[in-house]
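Note that subunit A is present in both complexes that follow, paired respectively with subunit B and with subunit C.
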Partner chain A sequence: MRLSDIAIGVSMAMLALLLSYLIVYGGLGPIATLNLRPLAVSFLNYTYNPWKIVYSAMSPEAVTAIVWDFRGLDTYFETSVLFIAIVGLIALFRGANVVQGVSSKGLSIIVKTSTKLVAPLILVAGASLAFHGHLSPGGGFQGGSFMTVAMTLLAIAFSIEFFQQKKLTLNRLLAIRCIGLLAIVVVSVYLLVKAVLLGGYAYIFQNMPRINSQYSMPSWFLDRPLAGILFFFNLSESIAVIGGLTLGVVLLLLREEELKAIIGGGEHE
Partner chain B sequence: MSSATTFLLTTIMISFIINIAISLYGVFAKPSLVKKFIALTIFSDSVNSFAILIGFRRTPLGYPSIAVMPSPPQSVEDLKRFVSEAVDPVPQALVLTAVVIGLAVNMFLVGLIMLYYKYYGSTSTRRVKI
Partner chain C sequence: MSEMLPVIMAFVAALISIVATWLAVQERDMLIATLFSALQSTCYALIYYLLMAPDIVLVYLPVSVGILPLITIILIKKTERYEE
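Right, the complex of A and B next:
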């Protein structure tokens, strides 16, 4: 047992004690109070408020309203962080290419058949989670990562050469990811461009009509709430997430022969 | 609040805090990069669950409902009832994006560890001399 191990252990025990002390005697306060925090009350009040549309997101789902409307710019930069993580992965595996006919063609016929049955169901469930994000729990992030599970199943059961045969190359996956991010940008400045062209005022990430601005995204589609910008954001975010994370999965599943091309295969001192 | 609920909540909270401390210990003390990575994912999951727990509240019903309106409110009373019953949505909104971004960052870390292993033939941080 080293001295550093003991020091780390003791400091972690101190951390646990101090965190408990903070929670009990200050900071967070009691967990299950009857009253909500004022910020949460305000968010819940203006999630769907037909009487004060200038403050409202007009979405029955509070979490999606916070993520894409009240704190939309925040979420945009969080999406950028996701994008930059994928870019870092691509930079690590630069020059990688999926080679045809390297090893066996995926797993056994039983796994392939069951994957064929299950993968479309997972894709549909993820899509419903994403496109219904403004009406029920869910949203673009969750739906996109849900659909990535199906893509991962396909990549493992059919091997990553399957994607190549279906014309889903690494570059094309990156293009899908960029299209998703660009769609978010386009949706967020759409009302601004409209206001500049037609005269009047508008804001970035504007959803419903705001003070000084009468432009708005559609809040109803046929007989149900559409929540304007939220639906389009969920749509493009799910496309961006499924493109980016599938690209990451394919890069992590690269075989020995393909990895050799990246690091040269030589020994390093 | 009944004493049983208080006891349960306190137990959950303390176990989260101890989980955070143990996983941080794993990140610092374990020499293997894979074990460090596993400890890091446990750490992020504990912190996220802890943040969700902070959003928990009591309501007149006894338990909170999810922050989703079943249908658009028809009157101000509907809205008031929704506010009085719904759970705090702010921690959920913060955790939501953190989870997916954590997924992408974890992918990056796994790729980094993979290439580290390819270069040095080991994932240990102590054995490798750079």
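Right, the complex of A and C next:
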């Protein structure tokens, strides 16, 4: 047994001990203490508060309210980090494309049939996570990555040429990604543009009416809380994530022989 | 006892994750090591759930059990399966 093995084992055991210590004495989880910290109290007070609408996000789900309203700009830059990573991947794989007719058979009929049954269920679960992100746990990124799992299942079971045959080319996936990101930008400046055109004041990433600004996104859809920008952000984020991650996975799944012909750039000994 | 149950479950999940990590580090076959790593991620997802963070569970499950092992398996397919 080497020294590094012992170090890994000891550090992992420390993690378990630390975790149990946190749970027992730190007041986390189901044994959360009754006295909350002031920050938590203010978030709980203003997440859904129809009486003080100028401070509220009007969303029953506190995490989504924090992620897309109280710290919306942070989340925007997180999304752009992921987008820049995808841009790097596309730049590496520029010119690559799915070559048709090499082996479009995919896996066996058993795998194909079970994938046919499972993939729509995963897609629907991901969509419900994304569209209900302002009402229940979940959100744009969660729903988008769930749907990406279904798309990668399809890509592996039916081979990547299946996407090509269904007119879901690499450029289309990139276009889906860009549409999602553009929708995020449009939603975040929508009220600002409206205020500039109609007169008055508004803020970037504004959701409900704020002090000095009476403009507001819709907070109710029929009889359901819509939470204004949160719903639209979740929707566009899930579209951006499903486009971007599926594009990344399909690029990684490309056959190496074809890639070498495109990217190769000669032999470097 | 009932209020200690989540704590005990989190502790058991943490212990299982240690074993899974240990096996993933020791394993020479990279494909099996990926599966052990997915098992460790499942334990962590359970711990997140017990710590009352369902949002993190929902993002951790598809990424760490779905996409990350998938990308690792693609990497193994393009390189070598057995560590020397």
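Throughout what follows, the second predicted complex is superposed on the first by the 229 of 269 C-alpha atoms of A that agree within 3 Å, B and C clash if a C-alpha of one lies under 4 Å from a C-alpha of the other, contacts with A are read in each partner's own complex, and residues count from 1 in each chain.
Just so we're on the same page, contacts are C-beta pairs under 8 Å (C-beta built on N, C-alpha and C of every residue); 3 or more make two chains touch, one makes a residue touch a chain.
Keep in mind that this is a model prediction, so the values were computed, not measured.
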item	value
Which of subunit B and subunit C A:V81 touches, first, second, both or neither	first
Comparing the two partners subunit B and subunit C, which touches a greater set of residues in subunit A	B
Touched partner set for A:N49, first subunit B, second subunit C, both or neither	first
Which superposed partner A:I160 touches (first subunit B, second subunit C, both, neither)	neither
Partner chain in contact with A:I184 - subunit B first, subunit C second, else both or neither	neither
Subunit B versus subunit C as contact partner of A:M12, first or second or both or neither	both
Which of subunit B and subunit C A:V250 touches, first, second, both or neither	neither
Which of subunit B and subunit C A:V149 touches, first, second, both or neither	second
Contacts of A:L129 with subunit B and subunit C, given as first, second, both or neither	second
First (subunit B), second (subunit C), both or neither touched by A:L230	neither
Common interface residues of subunit A - those touching subunit B in one complex and subunit C in the other	5, 8-9, 12-13, 15-16, 19-20, 23, 28, 31-32, 63, 137, 139, 141-142, 145, 245, 249, 252
Residues on subunit A engaged by subunit B in the complex (per definition of touch)	4-5, 8-9, 12-13, 15-16, 19-20, 23, 28, 31-37, 39-41, 43-45, 47-51, 60-63, 66-67, 71, 75, 78, 81-82, 85-86, 88-89, 92-93, 135-137, 139, 141-142, 144-145, 225, 241, 244-245, 248-249, 251-252, 259, 262-263, 268
Complex interface listing, subunit C residues touching subunit A	3, 6-7, 10-11, 14-15, 17-18, 21-22, 25-26, 47, 50-52, 54-55, 57-59, 62-63, 66-67, 70-71, 74, 78
Interface residues, subunit A side, partner subunit C - complex	5, 8-9, 12-13, 15-16, 19-20, 23-24, 28-32, 63-64, 129, 137-139, 141-142, 145-146, 148-149, 152, 156, 245, 249, 252-253, 256
Residue ranges of subunit B in contact with subunit A within the complex	1, 5, 9, 13-14, 17-18, 20-22, 24-25, 28-29, 53-59, 66-73, 76, 79, 82-83, 86, 88-90, 92-93, 96-97, 99-101, 103-105, 107-108, 110-112, 114-115, 118-120
